[in-house]
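Next come two complexes, and both contain chain A; in the first it sits with chain B, in the second with chain C.
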Partner chain A sequence: MSTHLPTAPIAPPAPSAAPEEAAPEPQRRLTSSRSGRRLAYWLIAPAVVFMVLVHLAPTIGGVVLSFKNLNTFTFSQLFAAPWNGLANYRSILFDSANPLHSGFLGAARNTAIYTAASVGGTLAGGLGLALLLNREFPGRRAVRTLMLAPYVVPSFVVGVLWGFMFQSDSGVINRILVDGTGILSHRPAWLLDHSLLAIVIPTIWRGVPLAMLIFLAGLQSLPRELYEAAAIDGAGPWQRFRYITVPLLRPLIAIQLLFGVIYSAYQYAIPVVMLGGNPGPDADLMMTLIVRQSFSNNLFGFGAAASTLLTLAMLLWVAVWFRAFRRDLDSAA
Partner chain B sequence: MRWSRASVLVAIAIMVLSLFAAACGGDDDDAGGGAEATDPASLKGQTVRLWIMNNGPHPVEDTEKIVAPFEQQSGIDVKVELVGWDVQFDRIRNAAVSGEGPDVTQAGTTQVPFFAALGGFEDLAGRVSQIGGKSAYAPGIWETTQVVGRDGTWAVPWFTEARTVLYRKDALEKAGVDPSTAFTDMDSFKATLQKLRSVKELGGKPIAPFGGPGKKAFDLVHNLMPWVWDNGGAELSEDNKSSTIASPEATKGVKFASDLVSSGLWDRSMLERDGQQVEDQFKGGRLAVFIGGPWVLAASKRSDDDTWSSAARKNLAVAPMPNGPSGKGYTFIGGSNLMMFKSSKVKDAAWELIKYLSSDAVQTKYADLMGMFPARLSPQKQQGTLDAEHEAFYQAISTQGRSYAPIPQWAQVENAYKGQFGRILDTGARGELSDAEVQSMLDKAAKEADGLLAQSTG
Partner chain C sequence: MTAFTLSPRRRRRLTGIALTVLTYVLLVLMLAPIVWLVLSSLQTRGHLADGVYDFLHPTFAAFGEMWRSVDFGRYFANSLVICTAAAGIATAFASFAGYALARLSFRGSRTFGVSVVATQLIPGSMFLLPLFLGFIWLKQNTPIRLFDTHIGMILVYTAFFTPVAIWFMRYFFQQIPRELEEAAMVDGCTRFVALIRVVLPNAAPGVTATFVYAFLMAWDELLFVTALTEHTAETIPIGIRNFMGNYAEEYAQLMAAGVVSTIPVMIAFFATQRWLVKGLTAGAVKG
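Entry: the complex of A and B
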């Protein structure tokens, strides 16, 4: 694949200029452009080497291991472990007698639900808050700053905090919903009976501030005249939102959708802290499954195959996303 | 600057791969350097690196205190390094495979067969006669140093623990239960919990009859297997080739635990917590009965442990695990062993350290500090004479103790069981499960375990 690096344009000789002086100019520019390009290559070389060593090589290594029979007995051989062909993939995808198959399908389903719910909730929450904070009111700056607080809390801490808050007997959620307001008549065991919802909510809580910040920046750059003209034409608030705000924020929605899905599909810290390394069939996600099977059960071949499938799913998602939003990408470029 | 679509796609693809690589990133960046290269002719001046886990409140300081006399006598320097329980499995495995590790490491008793199977540990069979060999340890404890189907002695027992019933004397008194018969068998255990239901509050605090952690506990299998063993069940077939966790006997044992949850005798909110959190609930006075190890007893005597409510601390008592229908009771016996890395350059010095840590006096002293029991028979017996509580633990270790088959795949089989045990308890919290429902979930655990047992080198 070729990459297009920006190059300095070669100017045609000026017709009115003296011929003996005009000739060396393009030559000099060409030479300077070549040396500039060489410098650029040298400058990006460390980053390329770093990416190859730290990202590309381990990823390729993971793909190779996915074709190996790498388990408790062969772990010490690592890359020299016996070749297993497509057996790991077959057992994951098609072998209904293999418990790893149902575990994988369950985790894939949970991950899809978790991702859809957390990304949808984050974008909706972020947009809603941005619309609210885009209005003038006293203390707006302070509120905006406070709203950003969840984003600076590390995922691990988010898991610990919400794990405590969701405890059915002493957690603050039930204290509010049951003891304080009486909204619920019984004490739900969030971490047992609603485990997937219990990890979706903290994920949204942590993601909303960044989404809000991005949407707020977008809203503030939208031209006021459009809204004024639409209002004069009789468009109500909902119509103005539907036909002006949303289309103009589409590039921002697109980029957040892209990274939100990838982030959620690779989520590990929040479920593992709140529910443990084996969150059970209702909330086992792809990453908890992969880490558990690889590092606790020593099924590294299985883990590598499942990781490769997850990565392929993400690349497929990127392709779908690119097709759906390519016009927005062009207009933003 | 305008980017072509291809460039944007490539950039995004790299980002996806990078994020994935980051998400899967290991934590073995500090797996340790190589062993010291020293003159084998003299042990004096050699340095032995020892990996220990969080065995007590001050694990490194306590261990350094214990090895200080050894350093003085032998001239061997001991470098004690702490490796958390949360990462020790990965770190020891990686060190064994890479040959980049310490000289000696602590390892959980059930982990020894797996580590030994990696081929990175020294066979100590030729040396253990110097510390009394097999006869100096209880058979169940010595068995944890072996690997089924492989000759050799791959570890030396360091300290031992067994689970017993820990209860509040004041709670039993208020419920009108005689402690001497309260936990003799599974029926009386359940009857006691039912009576404890009437005790809603103690010392101004709400109290539940019983509680234990669920799927978040690393040792969930150790907590449930005694009920399985009591009912005549077992974790594996006699030849260790297949799982027997879905047998009718094992099902009965697991259902006993699940029924405690569904009947409300086992506080279901405890299932949302991990083992340490539930232990803290017991210490804080929220549970009347709890199943725990000797470290809880040791913690009750430590004034700096402020998780205890004064009533819970004052009224703590210990009883052996209940007997099953056959009249015999079981408990999981665990603890830690010491293993020597094959890559060690100071094997003789490392062995001298293991030998020192295996002496009766040092075993007693270290077990005292850690709140555990010595692994050797003689100091273990001595520890059991300290008071009634220690005696109950000693009885549990010597008469009820049972562990799992020392096979390399055990840790993975245990994970498979843990997953379904956690699920059964969670489901039990929503209502009573039938035998068939429990068995169907255990069938899944057995199927997964059979797959793990079938792992091969080919």
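Entry: the complex of A and C
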């Protein structure tokens, strides 16, 4: 921060922020009426009912389930299955003799790596592309639109396609890297020996366009005068990027980090299509583990307890995130 | 301003050209997998197995066979019905709730807004297990059939994608000038009638974008349809997995199925791209 340039965000790069915040006064006047309030409750009622029925109630049910002993033998009892106290949690977290314990720890580690790599790669790639596209060049609009295409390919097709391209013998990636260019001297079995990498790359590929779009919207709203002033003061391109662009984009980085981590930690489709329901200890993720143990092995109590722990981990992440980026939220609000 | 300025200017121009070339190279790299998907679907099974393609003689054979190997038409129809209905209902709910958040102040509006975001923090497996058990319980104890039915999947997807749709619609309503509905209300409309007759028509592009986004998300969903269906209401992702399980060697057909499942969402996305992009970027900024 040893610079004379301002480091605090000046204008939040919120492409949408301008019009609606202009007139807070009429809002208060219009909406304080009692009929307006009653209408509001009617308007949100359908959404609330659905959120209670499909989000809230089942989530509570899931927490309850995590204290139950629900497996093949007690399945017919459904919610009336016997209580199990903390046994599910104990076996997951502390019972080193239980294979579920090592399975859970392995999946937690893989999920952390997968999430960090996917989110890091997606944000870095998205920012890089956004910087490239934030220049005048022929065909810019068309390039921007075409860049979005990977984002629209459904996840399960992404899994099918990349699983096909990653095939060791006939897959196009090895054909290029080994046969075509000789960059690699042997044929890696990507889906077996580098399975975590093999699912990270398609995840980034599909995620980059959205990150690019968001960063591009942010870049285009940055005040141009700031860059001109910095250039006159002798700041080079790197300094301008480091001390103007990055600080001003911080709110956008923050929000994408928040949702990117959650989205990646809960990723299921791409891994399961590429590697199957049991990807092995090197690439088993929390979701593949939970779904497999719950639905293939009928260990519903385990699945619920692991889901609860995953939720708690995400709440922790949100708390950490909030502490780290609170300042940026204030400036963006 | 004469002899010396030429050199840096030329250098800047060269840098510019290099960056433009780099941009186009990256574009090619980003699109290459999609091109490869299409090219592969136009090959025969033998070419794919060898990894040696015959680009000069593409064949659409796989596009004919894929409907027979697996009952792909049924999966496709199921996806269309379930995703259209769920996205439609979610957009309707979101139009109401989004309007309330954008325009009306009511006690609990903050709580409601936060809850909408909070739904995204919960892992699917957290409510998948109880939903699954609940659907099974209903099947065993009541005449209500939600497990493995279109209605069941529509209800679940509607609920899933309503929160994001609310955030979209809230943003689009904020873009519409208040004067529109105020004028209508001065003319004697109630606020609700003004919403239906005046505000919503003006928000039509936003409504369309919200619908398309919810549709894309539902089209993409794999986890819940795996657990909550058996053999009636399965959607395309299940069809694809059936392909992989039972016709593992039929790569050309699998690629063709991939192309067919991508085309509808591609068309929908690029047709509404301008507005969808606004919702997506605003959604990120607003969180």
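As a convention for this text, the second predicted complex is superposed on the first by the 301 of 333 C-alpha atoms of A that agree within 3 Å, B and C clash if a C-alpha of one lies under 4 Å from a C-alpha of the other, contacts with A are read in each partner's own complex, and residues count from 1 in each chain.
Here is the rule we use: a residue touches a chain if its C-beta (ideal position, glycine included) is under 8 Å from a C-beta of that chain, and two chains touch if they have at least 3 such contacts.
Fair warning: this is a prediction, and the values are worked out from it, not measured in the lab.
Peer 1: Is A:247 touching anything from chain B or chain C once the two structures are fitted on A? First, second, both or neither.
Peer 2: The answer is neither, since A:247 touches no partner chain.
Peer 1: Could you say whether A:292 touches chain B, chain C, both of them, or neither, answering first, second, both or neither?
Peer 2: After superposing on A, A:292 lies in contact with chain B but is clear of chain C.
Peer 1: Give one of first, second, both or neither to describe whether A:78 is in contact with chain B, with chain C, with both, or with none.
Peer 2: Once the two structures are laid over each other on A, A:78 reaches both partners.
Peer 1: Scan A:310 for contacts with chain B and chain C and give back first, second, both or neither.
Peer 2: After superposition on chain A, A:310 lies in contact with both partners, chain B and chain C.
Peer 1: Could you say whether A:65 touches chain B, chain C, both of them, or neither, answering first, second, both or neither?
Peer 2: Touch status of A:65: second partner only.
Peer 1: Check the contacts made with chain A and report whether chain B or chain C touches more of its residues.
Peer 2: After superposing on chain A, more of chain A is contacted by C.
Peer 1: Counting only touches as set out at the top, which of chain B and chain C does A:266 meet: first, second, both, neither?
Peer 2: Both: A:266 reaches chain B and chain C.
Peer 1: Which of the two partners, first being chain B and second being chain C, lies in contact with A:279: first, second, both, or neither?
Peer 2: Once the two structures are laid over each other on A, A:279 reaches chain B alone.
Peer 1: First (chain B), second (chain C), both or neither: which does A:166 touch?
Peer 2: So A:166 only meets chain B here.
Peer 1: Should A:256 be classified as contacting the first partner (chain B), the second (chain C), both, or neither?
Peer 2: second
Peer 1: Considering each complex separately, which residues of chain A are in contact with chain B in the first and with chain C in the second?
Peer 2: 51, 54-55, 58-59, 62, 78, 167, 169-170, 258, 262, 266, 268, 287, 290-291, 295, 307, 310-311, 314-315, 318
Peer 1: Under the stated contact criterion, what part of chain A meets chain B in this complex?
Peer 2: 1, 3-4, 6, 51, 54-56, 58-59, 62, 69, 71-76, 78, 82, 98-100, 163, 166-170, 189-193, 258, 262-263, 266, 268, 275-276, 278-281, 287, 290-292, 295-299, 307, 310-311, 314-315, 318-319, 322, 326, 329-330, 333
Peer 1: If we count contacts the way the header does, which residues on chain B are in touch with chain A in the complex?
Peer 2: 1-10, 12-21, 23-24, 89-90, 93, 96-97, 114, 117-120, 214-216, 267-269, 271-274, 408-409, 411-412, 415-416, 418-419, 422-423, 426, 429-430, 444, 447-448, 451-452, 455-458
Peer 1: Given the complex with chain A, which residues does chain C contribute to the contact?
Peer 2: On the chain C side, the touching residues are 16, 19-20, 22-24, 26-27, 30-31, 33-34, 36-37, 40, 48-51, 92-94, 96-97, 99-107, 109, 112, 115-116, 119-131, 133-134, 136-137, 155-156, 158-160, 162-163, 166, 171, 174-175, 178, 182, 191-192, 216, 219-220, 222-223, 226-227, 236-237, 240-241, 244, 251, 254-255, 258, 261-262, 265-266, 269-270, 273, 277-278, 280-282, 284-287.
Peer 1: Quick check on the complex: what are the chain A residues that touch chain C?
Peer 2: Chain A reaches chain C through residues 12-17, 19-20, 23, 26-28, 30-32, 35-37, 39-44, 46-48, 50-51, 53-55, 57-59, 61-62, 65, 70, 78-79, 129, 132-133, 135, 137-139, 143, 145-150, 152-157, 160-162, 164-165, 167, 169-172, 175, 205, 208-210, 213-214, 217-218, 251-252, 255-256, 258-259, 262, 265-266, 268-269, 272-273, 286-287, 290-291, 294-295, 300, 303-304, 306-308, 310-311, 314-315, 318, 332.
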